[in-house]
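Common to both upcoming complexes is chain A, partnered first by chain B, then by chain C.
Up next, the complex of A and B:
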């Protein structure tokens, strides 16, 4: 048990904090649906954070994986009649495959070219979804996406129709992803990623195949993002074209950075902030993205570590006062 | 049939020149300032709306053509002085976030001022109708667009290659520090270059206004296309932006006759093909 509590253990570090937040979210928020939305986007932000915070790779094409996950899982359920688990697995595999393909073409380039390539490829996905309107519904979106019961070996185990039941299901998946992501980061693979972020040529000189590591991280990130996309489609029973638009990629990056890169807990914070801001402000003023624009600028100018960085330095300042 | 293709090729040239003007601005800014402007598409959109607004107020397209880019450039100049200048020293991620913020502000401001529904912009009287070349008829405005942007492109080339300002921009792209040490006020040069690059996007916006109108949410799509051009042609390259822009314009225009729904898709297909064959773009160096 003691080993489990250490920072590298299963419940160590920030995992307990995440567990507490996951339990509190539906209690504090007015609806379980809103809580589910936050957790789903936190998953997408976490996948982006894995790339940006640890690998130093800014992907502006995460919307491609998110959208592909929602479209493909929904299509498999609607036309293939597959169940929940199969649909999610399809999304994960599709996300990984697409990310591998995009990664192969983008990771050769570094820095700003990488950002531009990922953005351009996500636009490819957008126009593909727009063009294949027979399948995707084009501008109208894909309607009547089911949310099947959680079933194993043909037996329906848990019905997820209720908002709270679905929240618990999504929260458990998030917890699994979070713990998995922590394991990845604490593994030698994670340390190598950080080494690449800090100094790619040095990591390469030491003998690491840096492209191989970056590809793996990209594939992993694509798979998790697609899973989030699939869960989102089931949440709102609908796949809007917006799911694969540039604004989606933009939002995922914004959540990641607002929350703070390099801390997985920050992703939950960032997703919560953006989703709640949208929820509250959009009912008051439809032009709320203007506020978001101002906020982004202020964060870069004044709070470069993101919200989590701000919290950390605040805690640091308070504890230092205690010592003195 | 042949005429149809000629028609589409000319359309593609016009479209390509618009893409060139957008991308060359992006490229000049990146070359000198090592700064990525994600608000470039939004400034293009403001150019479109200025074309609409100035036509409404003055009724003079020529005035819009001169004033529009100047206003967009002045906006950029102000933004550079107040904000952009403070973040040059930060990594690219922060450049992107700040300019995404600027793009959101511009986009929402456009909705507040002009409404969420797009505006169509009339073709100026003097350029209405068609030009007859034997049996072949081509719209006057589109022909004007090709010729005018070619002239602008040539003037820009002269500016960059034959003037002191251009020499400083090119030297600064190689080594900002050295130019600064040799006694040039590098910040003034940065402001001017940023204003010039963004002003070119504004000019492209004004020019494309009478063809595709103005919509508040057109920024991201335009930014995506500019990135494709730059990825194909290579960042910081004038000729790369020209060839990339024309290539993409022609692909899009020719595909419109073959597969209208997929025309936009094919832009990105063309990019993937180029990247597959030449990972560093057509003119890029490893």
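Up next, the complex of A and C:
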């Protein structure tokens, strides 16, 4: 247990930083809803990071998993009358299954063709949701998505109607996902994923069937992304068609890159930056994505390792100064 | 020991109309260092690709330890005891020496490494293998150095070490000295000779002087076929080998 608490342990180091951020977010921000939105997108970025930062797999299919999680959990609640936990489990399983399928076919190609395949799946999902308007509400979105109380074995335990209560619920799930993701990255699987990113032919030569590893990365990423999608639908009580659109995939990738690929904490930073910028700038200037574009360019060109990489080198410089 | 570990029969690999490997019957005896040499374009590397599964042979068969592996995919050959090194250094450049070797050890378990719920630290056997191989390669002091920061000679040594982590029955080394400085070559020669004591080694080399000192058997290839096969002394004295090599050297 003691080992787990050290900076390299699962519950020490960056996990403590995440815990601190999660506690501070609703206190610093004007609303708990905004804080919840950040945490939900951080979850999606985290899942994208597993693919992009660790596996070196640029997937534009993340929006498909996110949207599928939103729609399927909402439909299960509306038409199936299922509770919160069941709805989330449905999203997780559906996300895992869809992502496994997408991954299975996409990883048959590499490089640009791989990216195009994920993009094609994403577009297919979008038009499927658009076409099935009887179920999804099409362009109007799926309305009246409930946010049931947290219940176990038929007993309502915690009402999540309040913005703060829901924030705590989402934040706890995020913390669980974060610890889980750290374990995944530090596992034989995670280390192999990095090896594949570094040199796939070498990874294959030492005995790994690299396709299996990439596929599992998709499965895990899809499950977490769909969970985030489901939580988002419950947050805004609505599933807009945008949830499954190309722009969603883009946003998730941008958050991951801005925050820093290959760092889990970076995903929280990236999601926070993007959501906050949207929130603050959009009220001042409707053309705010222009600023986002400039920021993205600056970070990609000048800040290798994204915002978190910048923070890390800053900390490094400061501690070195202290020693001097 | 006279048991045959690896045997090919009528092995051929054609690129369109060109037969890079043209009917090779090769037998590698267990416990020996068996070298395949030949001038540029003799088909050594193509033969090597067939043996490691990088290329599918057009004809013929490959039998390893009693199993027909002709059509087995490359990554599954590790599990049955074949390991290879690359002619062009192929390492995990940004990862430490120790992590490179640990991953190579982990690779032998194949899909067991899909365990995403377990910690890497729990894989003690892999860490132990990495330590042992590092010791053997003389790279222990460089354990935490990124592979890409090693000198070229050390990278070549690590390249061989990667193959070693699988505790293979057969080590397939593709020009391990390629690009090495003249000072580093004796280190590699010595390492291969050492490895030959515990492993069966099949060595593809361009440099004839290296293989003469450490090989038990030498196969000389030319134009996709076996020209001569025998002990170093016999090969050295063979007129046809001289012609193939000196012809090239004179040109």
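Convention: the second predicted complex is superposed on the first by the 320 of 324 C-alpha atoms of A that agree within 3 Å, B and C clash if a C-alpha of one lies under 4 Å from a C-alpha of the other, contacts with A are read in each partner's own complex, and residues count from 1 in each chain.
Everything below uses one rule, namely that a residue touches a chain if its C-beta (ideal position, glycine included) is under 8 Å from a C-beta of that chain, and two chains touch if they have at least 3 such contacts.
All values reported here derive from a predicted model rather than from experimental measurement.
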Of chain B and chain C, the chain that contacts the larger number of chain A residues: B
Partner chain(s) touched by A:316 [first = chain B, second = chain C, both, neither]: neither
Partner chain in contact with A:80 - chain B first, chain C second, else both or neither: neither
Which superposed partner A:117 touches (first chain B, second chain C, both, neither): first
Partner chain in contact with A:294 - chain B first, chain C second, else both or neither: first
Which of chain B and chain C A:206 touches, first, second, both or neither: second
Partner chain in contact with A:58 - chain B first, chain C second, else both or neither: first
Partner chain(s) touched by A:162 [first = chain B, second = chain C, both, neither]: neither
First, second, both or neither for A:257, with chain B first and chain C second: first
First (chain B), second (chain C), both or neither touched by A:176: neither
Overlap of chain C and chain B interfaces on chain A (superposed complexes): none
Residue ranges of chain C in contact with chain A within the complex: 52, 73-76, 78-79, 83-84, 86, 90-95, 99, 102-104, 106-121, 123, 162, 165-166
Parts of chain B lying in touch with chain A, wherever the complex brings them together: 30, 36, 83, 86-87, 90, 92-94, 96-98, 100-105, 107-109, 111-112, 220-221, 223-224, 227-228, 230-231, 235, 261-262, 264-265, 267-269, 271-272, 275-276, 279-280
Chain B contact footprint on chain A (complex, rising order): 52, 58, 60, 105, 108-109, 111-113, 115-117, 119-121, 123-124, 127-128, 130-131, 133, 245-247, 250, 253-254, 257, 287, 289-290, 292-297, 299-301, 304
Footprint of chain C on chain A - complex, ascending: 183-184, 186-192, 194-195, 198-199, 201-210, 212-213, 216, 220
